[in-house]
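For reference, the structure discussed in these notes is given below.
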Amino acid sequence: MAGKSFLETAVILDTRLAAERTYISRLRSPQIVPIVEAGQFVMVSFQDTLDPLLPRAFSVCDATGDTLSILYVAVGRGTRKISGLFPGEKLILNGPLGTGFPRMERGKNIWVAVGGSGAAIVPILSRSAGKAGSELRFFYGARSKSQLVPFEISAYTAHATDDGTAGFHGNIVDLMKLELKGAEPDMVFGCGPTPMLVSMQKEFGNRIPTYLSVETPMACGMGFCQGCPVKRSGDADYYLACKDGPVFRSTEIEFEVKP
Amino acid sequence: MPDMKVRIGDLELKNPLMTASGTCGYGDELKGYFDTSILGAVVSKSLTLEPKVGNEPPRVAEVACGMLNSIGLANIGVRRFMDEKIPILDELGALIIANIAAKRVEDYVSLAEMLAASKSVRGLELNLSCPNVKEGGIEFGTDVKTLSNIVKLVRKVFKKTLIVKLTPNVTRIEEFASAAEAEGADGVTVANTYVGMAIDIYTMSPKIHTVTGGLSGPAVKPITMAKVFQVSKSVSIPVIASGGIFTWQDVVEYIIAGATAVEIGTLLFTKPDAPGRLLKGIEEYMADRKIERLSSLIGGIRFDRDNVPHMNHHK
Amino acid sequence: MPDMKVRIGDLELKNPLMTASGTCGYGDELKGYFDTSILGAVVSKSLTLEPKVGNEPPRVAEVACGMLNSIGLANIGVRRFMDEKIPILDELGALIIANIAAKRVEDYVSLAEMLAASKSVRGLELNLSCPNVKEGGIEFGTDVKTLSNIVKLVRKVFKKTLIVKLTPNVTRIEEFASAAEAEGADGVTVANTYVGMAIDIYTMSPKIHTVTGGLSGPAVKPITMAKVFQVSKSVSIPVIASGGIFTWQDVVEYIIAGATAVEIGTLLFTKPDAPGRLLKGIEEYMADRKIERLSSLIGGIRFDRDNVPHMNHHK
Amino acid sequence: MAGKSFLETAVILDTRLAAERTYISRLRSPQIVPIVEAGQFVMVSFQDTLDPLLPRAFSVCDATGDTLSILYVAVGRGTRKISGLFPGEKLILNGPLGTGFPRMERGKNIWVAVGGSGAAIVPILSRSAGKAGSELRFFYGARSKSQLVPFEISAYTAHATDDGTAGFHGNIVDLMKLELKGAEPDMVFGCGPTPMLVSMQKEFGNRIPTYLSVETPMACGMGFCQGCPVKRSGDADYYLACKDGPVFRSTEIEFEVKP
């Protein structure tokens, strides 16, 4: 269940292009930063415009001091608009929202698969693993080298690209399967495109505790609209991605297969 | 502090701001963002006799100045609402209006009977207009006789304030409003969402699982404004406006057009703390213009009947 | 260069882009902004038998993602259009579709006869749906029998492509489309503007002289999209989509929903040079996806009939 | 009749606060600048947003080199948004549009009444009077001193304020009436709020050639929409403000009196 959250007008400190079409914006957000946990998200909306109308969900990418950052790929109206804002301009943040990844514990080994904008969680997870004393290994996939954000983290990071321009030539789950032959993590986390999550659920879900951050359309992010159902496994009922998730134990949910 | 009180039937609201059904869960979710007791009323998600899981995803999609939804009346059922949510709302100091939906006429009556028994439920809003369920729903709302029949039967068992929420997807909404009035409704809500649709041109699939969904948000405001105006000229019971309110100016505009109260929906998704600011804006507007009672603004539009094409149709 | 040709009746358009009636004067005004001959067709302002001065101001007002208008069919009359404007349009290489409006059934017939005599007029669009005139206008469009009668009589005197422009302000637009088809129309335009309204809260006056006006622009796109989809499932003549097109993606979306051609309206006020960019966007989309003929996209939406609430009503 | 016009993507050079809520933005607009005449206007619209949807009309305030400026009072969604743009951001200009003031001739005396955002025409009129060799006198009215833009022009300028904080205490037309007792200009121009124009028409329209720049709602500015009618005097028909105007000889038009 979601805990306390704030609606905060946050000032943009800076925005940098971190990889192809991929930006990281840092915002001053003193209320949200101290209480956010890895895997939680913020809903971002604009002042003084009806276009876009609804807030956009972004995983918190990092949170330290009074600075919160988000990482996003500029694909549509919301992200393109955020990427074009100047330092000093304002966004409205609602957060932290949702249920993040489970607490990490000292000495535990956790493997984290990320793909595309799912890489947003790398910095915040590294930071909290550092605090908790767990061991992280990142498996980071993208279509091509140019789309990989070069994070400055100490954790081991393996890359995979569809076109073979960096790291393993192929998809990230295949790479993990290879590496899993010689090791057994305590938990697996995943954040990225749905096909990646589906494949993680299938490959690891039944043998390793696997936690997946799912992405669904969301109108509110707060449990107001019932717009973000995620099928409960073995049940006709739904979870709400925004409150019960976005991170779910992979055994709890079913992905709907498009007809 | 100007007087913002308005009446619907026997019910006095401290101000005209209500939440719109289905846009703040059961109302209890609002408390993290503002003091719920500042609202005129909280309208619950549409309640059904049995819990409903709702439609498959995707259920929501953004469009220009609006959104489509097809939730399919997902809700915890009337029983759990009464047991779990009413006590919370009572504690928050919210004035509760329960919104109900059903596929069968008898079920509306059963729901109304159950809710009539709760002291905390001060009014009922009949959702005869959900565009996203396969049976009942919109059919009820687009047939005047069925509407009359449901209102008549519910009126018998529910003596408190009874509001009928109308669908806008009809040629002459005034006929439905008049039918509700004739059967004893205390007010009509104008209106539910508009049947709309959006397609992802890359996958060629509809953006909503049910293909069509209900359009809400600022996009619909001018259409709903015209309907509020027309209905308010056709009935003498209060009209509650619902559609695209995003600013305090929108609230004032609806009231001048003829609304007695308003419901805030989609706005809550973007600015869940908006109600306080809306109330403040209205207060300042009234103070600037030395308007003492909000009720004196209702239907205050200055217009010449001869100029309106639609008002001359039946001459 | 992909094949964008589409057919409406006997008329082949080089691409599906048409201008919407009343949004580029008589079409001749476009020439300052782009080569008019790139369009599939130019639709004239609604022409009446006699020149009309139109409604008193204010006639236009902006609303969220849209605008209200109440021009009242101000136009130079069919005679001057034929004498002065057709020669200019011919010179510009535009394919001309004349749009006509009248208050009396006989006048539609007279207009159609006059325009049939012009070789340059390749098609006729009947405006049975203007919401801003006091008699005729919307009344014609909201009564199936009158619509059938007008289409039948016009069909007798006009043998070229005949299109009926429908009003969206009805419960079941499919019935009107089917009636037009039954009387021999070659296509239906879905749809004219939506009855809407806006009030200036400072003067308490309507922002449009006629109080209500017609809503156009992106705000209406999802509603019109649903109507295009529904109509295209109900008739087998081409559907021409009109409502809120602002990007090439909007054009593709309408075509996937079931439209054969589209009309560009309000967009021209903001970006009068848009048509070239729209065509380029569609071309690139087709090239990227190796779609050779645009006509293969028409009605290509992937959906499951059982999911659509409205399609199950009459089961 | 309107002549040639361009649709031009113009870069904002700078924006300054010139008086209370009143801004002057300078834009690089090399196509429009060389052909614009005093009293003509541009339609300004935004890239990449549907809010606001329609373009806004602004009288050209000044045009020199490749720089065009507009003067506006930030009252609504369009003007507030323009005032917040940063240098380097872009606007789309459509212009020059409409029919401006009549050509000025050497040695002629012209009195110009401006009020509120109608003051936009002061710089461009001064510039063209300078070229033509006519004598201008400006009569500039506002509610209060803080709303008067201090233009750097050589022409005689008399001020009037409703609250008496600067210049004549009262309205600009009354001031002109006083000054007219000792002089007789060859023409009178007016640009400002409708009540000012109505009163000018009544006071001077029948004895001095008077040209008024009218403001009506406009959707297109190009004659496409028929949305901007202005009543022809003694006639049931209308002019279009955007093509036949916005400047009309005061004897040609009637102002509709609200019932």
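By written order: A, B, C and D. Residues from 1 in each chain.
Just so it is clear, contacts are C-beta pairs under 8 Å (C-beta built on N, C-alpha and C of every residue); 3 or more make two chains touch, one makes a residue touch a chain.
Treat the numbers as computed from the prediction; the structure is a model and nothing was measured.
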| item | value |
| --- | --- |
| Chain whose average C-alpha position is farthest from subunit C's own | A |
| Whole-Å gap separating subunit A and subunit B, where each centre is the average of the chain's CA atoms | 36 |
| Centre-of-Cα separation between subunit D and subunit A, whole angstrom | 53 |
| Computed distance of Cα centres, subunit D from subunit B, in Å | 45 |
| Residue list for subunit A, restricted to those that touch at least two other chains | 50-51 |
| Shared-contact residues (touching 2 or more other chains) in subunit C | 64-66, 205, 218, 246 |
| Topology of the chain contact graph, where touching chains are joined (line, ring, star, complete, other) | complete |
| List of subunit C residues in touch with subunit D within their complex | 22-25, 29, 32-33, 45, 53-54, 56-62, 64-67, 69, 71, 74, 205, 207, 217-218, 246, 266, 268-273 |
| Subunit C-facing residues of subunit A, complex | 50-51, 259 |
| Residues of subunit C that touch subunit B when the two form their complex | 63-66, 68, 131-135, 137-139, 142, 169-171, 194-199, 201, 203-206, 209-212, 215, 218-223, 225-226, 229, 244, 246, 249, 252-253, 256-257, 285, 300-303, 307-310, 312-313 |
| Residues of subunit D defined as touching subunit C within the complex | 4-5, 7, 45, 50-55, 92, 94, 216-220, 222-230, 236-238, 256, 258 |
| For the subunit D and subunit A complex, residues of the former touching the latter | 48-51, 77, 80-81, 86 |
